[in-house]
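Shared between the two complexes below is chain A, which pairs with chain B and chain C, respectively.
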Partner chain A sequence: MKKVFSIALGVLTAIGGFVDIGDMVTNSLVGARFGLSLAWVVVVGVLGICVFAEMSGRVAAVSGRATFDLVRERLGPRVGLANLLASMAVTLLTFVAEIGGVALALELATSVNYLLWIPLVAAAVWLVLWRTKFSIIENVFGLLGLALVVFAVAVWQLGPDWGMLWHDATHPTKPGTEGLPTYLYYAVALFGAAMTPYEVFFFSSGGVEERWRESDLTTMRNNVFVGFPLGGLLSLAIAATAALVLLPAGIQVDTLGQVGLPVAVALGKLGLAVALLGFFAATFGAACETGLSVGYSIAQYFGWQWGKYVRPRQAARFHLVLLLSAVIAAAVLLTTIDPIKVTEYSVVFSAVALPLTYFPILVVANDPDYMGNRVNGRLANALGTVYLVLILIVALAAIPLMIATKAGM
Partner chain B sequence: MTPNDTPAAPGRQYDAVLHLLDRQIVDPDDLLIAKVDDLELTRRDDGRWAVSAILTGPGALGPRLHGRLGEWVGAVWRRLHPDADPAPGRIPISDVIDIDSAVTVARHRDALQIDGLEIWVREHVVGRLPGSRHAE
Partner chain C sequence: MRPTWRSFGPALLVAGQLLAGCVTPATGADSYHDKASTTVGAAASEVATAQLTVRLVRRDRIQKPYADETVTASETALGSIGNAFGSVQPPTGDDRLRDEVTTLVSDAEDAVAHARIAVRRGDSRDLADAARELSRSAHQLAKAQQALS
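And then the complex of A and B:
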């Protein structure tokens, strides 16, 4: 019974923890402009994150080391440092976006300007990272994030023509009003949102925090192969609500309120309240995960003690990085830069940084020195290689598309 | 040695670049100490070179980064170090008791006294915040 409970808890938190500000904003934005004609990208992206999360989780369980603990050994200190700086910059940008997202959710709930919330949110995130147990962070925000299921309920309540929705999703055609570069630019953004690099940083380091062993591999695979795809369905539900309500009304998504608008239309005040809870939990949980990921990546490069499994004074430099990240994020947001814009850029720059994160995972997961007989099988390597090629194309195309479309104008 | 051999143990042959450089160093309590940032080689009586110590910290890592960046890392480290002519952290190879996905050393982290920045941050920043001794 205890085993069933722990598997169920793992899957549920994986679902609720899957969606972050990048997924919410990008899916809603794309749904409102392109309907479900880009839904295939979410499916491709979710399969990709499953393939690589499984690899990095397996590395953590078998070798007892987080994937990026091992990257420097295989890439050398120089390339490893370049990799660290690029992935850290993207993760920090995502961290800024998540904190902004929490503040925007609080503004929607309280009508108090989000800028007033920023210092409080940054302080609260730091306090949670300082004091709260790792498993509590993961479980509480993962479970509360399930409130986003309200978007799936909203789709059902809106009573769409299911045949049409399915047809739109499975026969993707670019809407006539949009140019091909714009269509591709948003495909890149969706892909970046689904495969955000921090998710695998966090996943493998979390495995070490929770002391995974080889016996935990089944649980880990359940979380990945059941939880992540169901989380991806939540992303698609957000896109579908936007496609059903915002697209016909010609509303474009520039605010978090517009992301929640279709839920209000379908389910009224109560539905909106649940959606706001979902926004808050998803962004706060992701803020904790990205904040930790910044600390993990630096500490793992330099060999510093890291993790929530030791007292803060035993991991002093790691906790200093967490503190500084929270201060920097608050400072950036207090320049009154639009958090939604930060989110849009963060998912595209995530797409640019994807090869830096995913190539080393493929290398380490094939290294018998760490993995023994748990190295990648043929299927994992075949999928991993196909995705690596895809990721490279996406990464190279991202910046030219951004320039060509003036960031999706 | 072939990759399928069991990981190298002290006193046996191992590939210093493949099995030592850049690997995580841990203490007997599994606390993380540092990375193997560089190795100290000493010429033995028979004329062959042997690894005599593991070197850690920016002083050891800087030269391996090469170029301007490496010089800069070394310069910042020398300027901030309390000693006039600082040397990198050094762990004699005789202290190493196991090499697998990490390098385990026999002495405890705090006894080594090689991570100056960690100690400084602990004493001046993190240790002063309430709850820093709080365990999970």
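And then the complex of A and C:
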């Protein structure tokens, strides 16, 4: 019974914790502009994150060390440093976006300007990271993030032509009013949002925090192969609500408030209140995850003691990084930079950094010195290699597409 | 000579503008027409957001702070859209287009500002007036969009 509960809890938190500000904004923006014609990118992205999260989770369970703890040791300091700089820059940008997202959710709930919320949110995130147990952070915000299921309920309540929705999702065609570069730019953004590098940092380091062993592999795989795809369905539900309500109204999404409007149309005040709770939980949970990921990556590279499974005093430098990250995020946002713009750029730059994040995972997961007989099988290697090629193409195309389309305009 | 960060300054500025989609000078009539079309489209989106929000307020399907923030964001966005287009140097012969588009965006901003006032007051007559004004603005923007496409 305890095992079943553990699996169910893991799956539910994986679903609720899957969606963050990048997923919410990008899926709504794309749904309002392209309908469901880019839904295939979400499916491809979710399968990709499943492939690499399983590998990094397996590395954590078998070796007892986080994947990026092993990168410098296995690939040398230069590759390790390149990996650290690229992925940490993107993760820090994502952390800024998530804190901005929490502040925007609070602004929508209270009418108090989001800039006034920024210092409080940054302080609250840091306090939670400092004082709260890892399992509580993961479970509480993961479960509260399930409030975003309200978007799936809203799709059903809007009474769409299901056949048409299915047709749009399964027959991807570029709308006539949009250019091919713009279509591809948003495909890259969706892919980056689904495969954000911090997700594997967090997943692999979280496995060490929770002291996974080989006996936990089944639970881990359930989280990945059931929880993540269901989380991906939430992303698609957000896109579908935008396609059903915002697209016909000619609304282009550039604020978090617009993302929730279809829920209000479908379910009224109660539904919107649940959506707001989902916005808050998803962004606050992701802020904790990205903040921890910044600390994990720096501490693991320099070989410092890290993690929440030891007292803060024993991992002082790790906690100092968390504090500095929160201060930097607040400072960046207080320049009045638009958090939604930060989000849009963070998902595209995520796509650029993908090869540096995912290549080392594939290498370590194939090393018998660390993995023993749990090295990648043929299927994992085939999928990993195909995705690595895809990731490389996406990373090379991201910046030229951004320039050619003036960031999707 | 060793390159310094100063020598990359202009290149970085241009790259930054391109990336941020900031307003750049119109290089010809076509470019200016494209900018006008994009401006009208963006303004129409903000007016449509305000229209939907006012409709939800009138049906009591949205919380007041949420509606207030959504309409306020649209009003702010319209201000930026108008400023961005207004600061572009029009090519010779396109002054009339400039005037038409800036007037349309300014009217849209007024309509959304009235909607924001009505949402904050919560008065049903003000909301009905705001809905009518938004509808007019949306209609004019749609006509302009059609003419520019």
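As a working rule, the second predicted complex is superposed on the first by the 409 of 409 C-alpha atoms of A that agree within 3 Å, B and C clash if a C-alpha of one lies under 4 Å from a C-alpha of the other, contacts with A are read in each partner's own complex, and residues count from 1 in each chain.
What we mean here is this: a residue touches a chain if its C-beta (ideal position, glycine included) is under 8 Å from a C-beta of that chain, and two chains touch if they have at least 3 such contacts.
Not measured: the values here are computed from a predicted model.
Of the two partners chain B and chain C, more chain A residues are in touch with B.
Applying the stated contact rule after C-alpha superposition, one finds that A:R65 touches chain B and leaves chain C untouched. In the superposition on chain A, A:R317 makes contact with chain B only, not with chain C. Look at A:S205: by the touch rule set out above, it reaches neither chain B nor chain C. Within the superposed three-chain model, A:I251 lies in touch with chain C and out of touch with chain B [touch as defined at top]. Once chain A of one complex is fitted onto chain A of the other, the partner contacts of A:S87 are absent, as it touches neither chain B nor chain C. By the touch criterion defined above, A:T357 lies against neither chain B nor chain C after alignment on the C-alpha atoms of chain A.
Touch criterion met: A:A109 reaches chain C, while chain B stays clear of it.
By the touch criterion stated above, A:M402 is placed in contact with chain C alone, chain B being left untouched.
Considering their complex, residues 3-4, 7, 18-19, 21-25, 31-35, 37, 56, 61, 64-66, 69, 101-102, 109, 115, 117-119, 121-122, 125-127, 129, 131-136 of chain B touch chain A. Residues 107-111, 245, 249-252, 254-255, 257-258, 260-261, 264-265, 268-269, 272-273, 276, 402-403, 406-407, 409 of chain A touch chain C in their complex.
By the touch criterion stated above, chain A contacts chain B in their complex at residues 63-65, 69-70, 72-73, 76-78, 80-81, 130-131, 133-134, 299, 301-306, 308-314, 316-317, 319-320, 323, 368-370. The touching residues of chain C, when paired with chain A in their complex, are 15, 18-21, 38, 41-42, 44-45, 48-49, 51-53, 56, 60-66, 68-70, 73, 77.
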